[in-house]
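In this document, chain identifiers A, B, C, D, E and F correspond to the written order of the chains, with residue numbering beginning at 1 in each.
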Amino acid sequence: MRELTRMTWHEVRAAGRGGAVAVLPIGSQEQHGAHLPMGTDTMLVSAVVDGALARLGDDPLLVRLPALPFGHSPHHLFAAAVSLTAHTLQAVLADVLDSLVQSGFRRVLIVNGHGGNDEIMRLAVKQYALRADVALAACSYWSLGEFQNVGHAGEFETSLMLATHPELVGEPGPRPEVAGLFAQRPYPGLTVERHGEWARAGGSTGGATEATAEKGAAALEARASALAAAIVAFDEATRESHGSAPIQAV
Amino acid sequence: MRELTRMTWHEVRAAGRGGAVAVLPIGSQEQHGAHLPMGTDTMLVSAVVDGALARLGDDPLLVRLPALPFGHSPHHLFAAAVSLTAHTLQAVLADVLDSLVQSGFRRVLIVNGHGGNDEIMRLAVKQYALRADVALAACSYWSLGEFQNVGHAGEFETSLMLATHPELVGEPGPRPEVAGLFAQRPYPGLTVERHGEWARAGGSTGGATEATAEKGAAALEARASALAAAIVAFDEATRESHGSAPIQAV
Amino acid sequence: MRELTRMTWHEVRAAGRGGAVAVLPIGSQEQHGAHLPMGTDTMLVSAVVDGALARLGDDPLLVRLPALPFGHSPHHLFAAAVSLTAHTLQAVLADVLDSLVQSGFRRVLIVNGHGGNDEIMRLAVKQYALRADVALAACSYWSLGEFQNVGHAGEFETSLMLATHPELVGEPGPRPEVAGLFAQRPYPGLTVERHGEWARAGGSTGGATEATAEKGAAALEARASALAAAIVAFDEATRESHGSAPIQAV
Amino acid sequence: MRELTRMTWHEVRAAGRGGAVAVLPIGSQEQHGAHLPMGTDTMLVSAVVDGALARLGDDPLLVRLPALPFGHSPHHLFAAAVSLTAHTLQAVLADVLDSLVQSGFRRVLIVNGHGGNDEIMRLAVKQYALRADVALAACSYWSLGEFQNVGHAGEFETSLMLATHPELVGEPGPRPEVAGLFAQRPYPGLTVERHGEWARAGGSTGGATEATAEKGAAALEARASALAAAIVAFDEATRESHGSAPIQAV
Amino acid sequence: MRELTRMTWHEVRAAGRGGAVAVLPIGSQEQHGAHLPMGTDTMLVSAVVDGALARLGDDPLLVRLPALPFGHSPHHLFAAAVSLTAHTLQAVLADVLDSLVQSGFRRVLIVNGHGGNDEIMRLAVKQYALRADVALAACSYWSLGEFQNVGHAGEFETSLMLATHPELVGEPGPRPEVAGLFAQRPYPGLTVERHGEWARAGGSTGGATEATAEKGAAALEARASALAAAIVAFDEATRESHGSAPIQAV
Amino acid sequence: MRELTRMTWHEVRAAGRGGAVAVLPIGSQEQHGAHLPMGTDTMLVSAVVDGALARLGDDPLLVRLPALPFGHSPHHLFAAAVSLTAHTLQAVLADVLDSLVQSGFRRVLIVNGHGGNDEIMRLAVKQYALRADVALAACSYWSLGEFQNVGHAGEFETSLMLATHPELVGEPGPRPEVAGLFAQRPYPGLTVERHGEWARAGGSTGGATEATAEKGAAALEARASALAAAIVAFDEATRESHGSAPIQAV
């Protein structure tokens, strides 16, 4: 693993042409209840990416870009979010992909830390893969492998923050009475969106009083391992045309 | 159920203000192998929507819009698709939602028949629900309830077409040797897109030689029932503020 | 004549490359007074197109696309229209033309059923003809040949609907006192638009009490014949570079 | 008549609020054969507007804006045109209309000198009239009243230039053999556009050898009178809500 | 110097291919206090450009375009400006540059008369120079060479108008008490913008009571000479690849 | 000073409503010769911002946003830059400003580390200040106060990197023979852009062999002090309407 921001352009070009996978974390700045900081998603996706890359021995075929600290959070603008519109985030991702391909990369992976970015990110890789001879991948760190979405500002994220940035975690309030659609999704597979739901629900989808650093460390370990495995699988599925050595767990 | 295209504007306005749910089917015009027609997705989503609405007794609280016959199929442009760009489809859906809300509707459901429309549709309802005091829903007909995605131009779609439009179904070719990413997804939860994959795979994700009208009728029945159930659930979750009578299966 | 939606992609491709003319009807969903349905424009343009194609013996050089059921009707949003913005309709038409040309077509005809689409449609064919080696045509069904614009939701459209969809025609109200600009255009050749004029005029440009199915049948016959003649003329003017047999009335 | 460019902002504001009509000429910079200058359309529309305003006694209720010297001429880019895209011209017209309305005007007239601007201009006034409580008008100077389109760089425009800017008129070449669609329109009411037609036709739609200054003076007189009459009619149809004195010919 | 608007397209094409520099003046229509007209910026940039070109002997390698009479003046919309949005002005400049390059020009100079256009103009030349093999230049007439920005509607502009269009200059009011940010810029190099500042400052940045035609003539002479020198320098720096004779002062 | 990314949303909201200044650093990822890393601009603007904020005692009225790590570097795409288009960067800045204002901030300062962002940033604050009742400021860190632009990847930036990130600085090559426009600007105040100039110049505007950590430390000290002074001046000029205590150097 190498950080693009610390490499010279000759090193970046050589990596891209040599078959490296560029890895772009994307996060958000948005409310995470009264006890977690605005940058929670950006911090957590960074922690999972760094954990995964460490498991892969910081393979030189992996070039990590700086995390995009802003995401698409219009549903949190009622609570001080710094949000990009869907159109803007689409443009940012398209520009970054286009730059990387002009630079010589043929493989890019976007790793997402914020639910609101998910469709936009997947759409971005679908769009761009039609424009150039590349292989692109995208995932949200919490839903790789067997894992499922685990809520916003609740036990899952609080535990991860306790494991990674305990100094930034306040005392979680009592378990909220989560209103309406967040309490029970009307039907599996059906997306339902109701105006004002996040404000009505107080900005979180569940309580965090049972969060612990131990749970967080285990969750982080599990996600980092899954991401490492996903990277290996992506490399394996797309490597042959590049002739590079396989990326492997150490 | 009533069709907006056959109603006067006074009837449409009264329905919207009375708490009706507007239902918009969206499809595509794209290749479905050598044995299925271009309009397969549009025909099938229409069949599922009509089946669901029939199960609900053609409740007057349901207003069906004409299906959008074109979708986002850039990956099928190599094979004569008539495709809208992602940006255009976003604009169409935003305009239709905006019109319906100006018209008086506060509840809209989009039902999708084509994989390429999925993220765009879900993004559209998320976006619009932030702009106005509405409750919006979206689903792809094949993945409601316990069902999963079932491929393109293979046994599933061919069976459905045999059940609904047998005169338009040709002799399916031998089971294709599906190449690369379609044969095995690299990792659960990881979206991977590779340039040219659809052309290399010959445009389908699996064989259709075992398709039958019976299988299709069963699949149609199952999906229409699931959609009817999803509509009831959506109505139930969002009805109270409208004071309308519940939508129910007959 | 063949319907694209019912053809396989191999058939579509062969038709396009063989010199076929793709025919795209475009309509609207908008108020047509208290006695005609929202889809009037879409139904009528479809009837005229089908009539014209029948007169041409359903020539295999004619490929009919599904009608676009939504048009540009911002002036009817006060009355429950489902409208695309000008920008969106421009994008839809550009995308459809671009798809058809990528598919192999070199000749496309757009036939319009709604006044608000007229400039946008003509602009679309002008724009696209500059981008690719194609011959494109566009017309509004009511103004071909010697015919002139004949109002909105008045005697002309009501008669046509009586001839084609009598079950959808209600009792027209008394002849409206049409106000302001609709009663008398200020000057020939001068477009004048005044805010709120459609609402003030009650949504129609004239009375319909003298509409009859007979008048409608005659008008439909005349328009379908004119469109058939226009198609023959378009074919004749643009055929030579394709080497296809002439399209002829039967 | 007063020129906005020579007025102070207090005078402009007072005029707008007092019910004045803002008049915006729009032209082009594009080829007009080997004998006429690039700015022909801009010069001629300016001459017609000035002639019309003189006939109206330079009524203070008429505020003339500077002519937009660039238009939409993509079909002349093969021959050194300076052209705005359709999208850009739409934006320019929307911005100018929006500024004038913010400034206090409630009536605006656009007068066009170039065929390629026609649909865009009419669309612009239709769009903007929906946004604000205004009355907007638009015309192309050559097609007001009983007049019809009279070709490009042929006898009509050459005569007008001989009457207004004789020093800029060269010797017209022999009558061109106009090819294809320009020689005979395939069908009345049918717009047909074929790629490359302007280049094939040598950039003009007819010969100019019989042009004379006398014909030009007569044509100018006729168009200026028609425009003056159209302005009077527009004023009459839209004046009452402003309470201003009628605009009249002197 | 030649004016594009008065040239035939053959002359324009020959000039562009022969290495000529196209010169585009851009201005505005906006308030200039109670004593100067709306078109002040357009008139002054035109005067400076004409003065510079005269000093260069009206070299045939210089082709002057008609001035764009509208600019980006959103901060003056409170006072009857006719303004293009930043996006629209970007589009206009991009279109003009693109047209000129398609026409054969490889060198273009934009000369600006209005502060609000400055960043947009410089951005436009930077953007376009990346797209095609051209050399582009841009300047604001008042800040060439050693000169600095000299305020809005104050002594500088009033003197220039007295020298060039005395009949359009009214009696300047008493020196305004300029408020807030205009009285003293907070820090060198720091752009500070506060909502409503132009309205609070009464639309001008300083008094004009000491303006004279003599000062204006001297300022005009100085700016025209500086622009002529800048053109010679631009020609010298970019000429070699064109093989044209040097542009020189006469 | 506080970091938004580490604050809860309640703290962010309280700061904004209490009159705090939000500070957004923006950088780039682009070539900086063979001896400096891609993220040089982002690292240096961060160092200057942190230095300035430290001089201000980390005043709680200053809320630092995470740096935007990507900028507008199309002129460096030939050398592996990761660049946003001008349109995208405009959108990002507009979205961030809009979010901050929705959040409660009325004062924002953007500090820039990359030349290519300069016009876009200044334009962004001008645009947004027209939309809401705010006071916005923008500067590029190298050109505050008496300082001037000091080149790309030359002695200035290399010295700063030696002072702040010595482990990332390679051996600078010999002083390049800087070609063309970079060696001598044609005329003061004239922006000149020539296609391909950055590639011809080898990507740098001057040699770095005389760079030292001492020079860098002095330059950093000077810029951080200037930025601190600019912040104090901005606060002073815009504070009164907020009633907050003055920001002061410690």
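Assume a contact is a pair of C-beta atoms (placed from the backbone, for glycine too) under 8 Å apart; a residue touches a chain by one contact, two chains touch by 3 or more.
Model, not experiment: these values are computed from the prediction.
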In the contact graph of chains, the distance from chain A to chain F in steps is 1
One copy, chain B, sits on the other, chain C, after a C-alpha rotation whose size in degrees, in steps of 5, is 180
Relative to chain C, the most remote chain by C-alpha centroid is chain F
If chain centres are mean C-alpha positions, then the most distant from chain B is chain E
Chain-centre distance (mean CA atoms) for chain A and chain C, in whole Å, is 48
Chain A and chain B have mean C-alpha positions lying a whole-number Å distance apart equal to 29
So, in whole Å, the Cα centroid of chain C is separated from that of chain F by 55
Expected list for chain D, residues touching two or more other chains, is none
Given the complex, residues on chain A that touch chain F span 3-10, 12-13, 16, 29-39, 42-43, 65-70, 77, 79-85, 87-88, 91-92, 95-96, 99-100, 102-104, 168, 170, 203
Listed in rising order, chain D residues that touch chain C in their complex are 74-75, 86, 116, 119-120, 122-123, 125-127, 129-130, 132-140, 143-147, 180-181, 186-196, 229-230, 233-234, 236-238
